[in-house]
């Protein structure tokens, strides 16, 4: 994924609409929780099992893709504003999680 | 960002811990909202202006990076389980947003 | 507030629609986060100061009231399903918070 | 539930700590989503069925009660700041929901 290109496009998008003044990390993080909730809303009354099959319905998959994109776009903007290298942060978190939750022993 | 590598690492991580049975899209989306809230929590009592400066404090920036990573890791897992091409979804959403909110006219 | 009456009405509402099977605490808590996000959405691009004045606009106040009600209705259902006495829990939490954050000293 | 008494106690609590300046509806709504997420977090890896039994474990029930209380305390503060009569809003929403989702026909 070309994060640099996406973040540049998001910066232009905001500048062209004079939205930069709204885009404090606080507001972007708040908007991110709203989009995350819209993604969760798709699955909220499904059983776990049904949620595993949801994307086989093209209309539902399009809705999921739409909300996943909304979350990503705000996440990239938070990272951009806060000088966070999102890919490095992801790998470093994965490593930390590996130490916190060691793989189960195998027989 | 090498999404394919990250998603593969996440799949191995879950498999090594026998967590695949927990990772229904419903549960992953729920965990995503929890991590999004943890990111928002960092900024909740700041003014908008203060949130723009927060990342200049290295300890705060590290916390932000950590929560941004948590959100991304769950987002990549939702996308993976649901067959969503997250980069394509992002560009397509950006285009849709451009039609919905045309740039303001310039003098 | 007559919590017993509200919780009874919610129980009848769910029974009349055969929704009881959807109303696991997990799903209700998930729906609660969605409604909380819809409340937050009203304020997300406002400054803190503007959010203090928002309710003076009757249309906005009606939206706020609506979302506050949605959060409360799910909260009462979670409490009901989990045998939580919500009023007692609130007073006990307030007391705990008082010990955790002692009032500032006065000159 | 004595809402007037709880809201008065919350007002005193904030005043005694000089927190009134932080308590814009925007910030309170944001804090509410954070607490709602902490409630959801308790249930996120449980099956729906397990979440129905969770409160039988006294330690889990205490955690649920704690998070339910946190959500309620912020909700009462949002309602207080925004001049929302929370009990009236709840009954009116219940009525609106009844019109939107009529009870299923019975044979």
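Every chain is named by a letter (A, B, C and D) in the order it is written, and numbering of its residues begins at 1.
Basically, contacts are C-beta pairs under 8 Å (C-beta built on N, C-alpha and C of every residue); 3 or more make two chains touch, one makes a residue touch a chain.
Here the structure is a predicted model, which is why all the values come from computation and not from measurement.
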Chain pair with the higher count of C-beta pairs in contact (C-D, B-D): C-D
Reference interface A-C: repeating pair among A-D, B-D or B-C with over half of contacts shared: B-D
Mean-CA-position distance for chain D and chain B (Å): 26
Gap in Å, rounded to a whole number, between the CA centres of chain D and chain C: 2
Touching two or more other chains - residues of chain C: 27, 30, 33, 36-37, 40, 43-44, 47-48
Interfacial residue positions of chain C with respect to chain B in the complex: 30, 33, 37, 47-48
List of chain B residues in touch with chain D within their complex: 22, 27, 30-31, 33-34, 36-38, 40-41, 43-45
Residue ranges of chain A touching chain B (in the complex, touch as defined): 1-3, 6, 9-10, 13, 16-18, 24-27, 29-30, 32-33, 36-37, 39-40, 42-44, 46-49, 51-52, 54-55, 61, 64-66, 68-73, 75-76, 78-79, 81-87, 89-94, 97-98, 101, 103-104
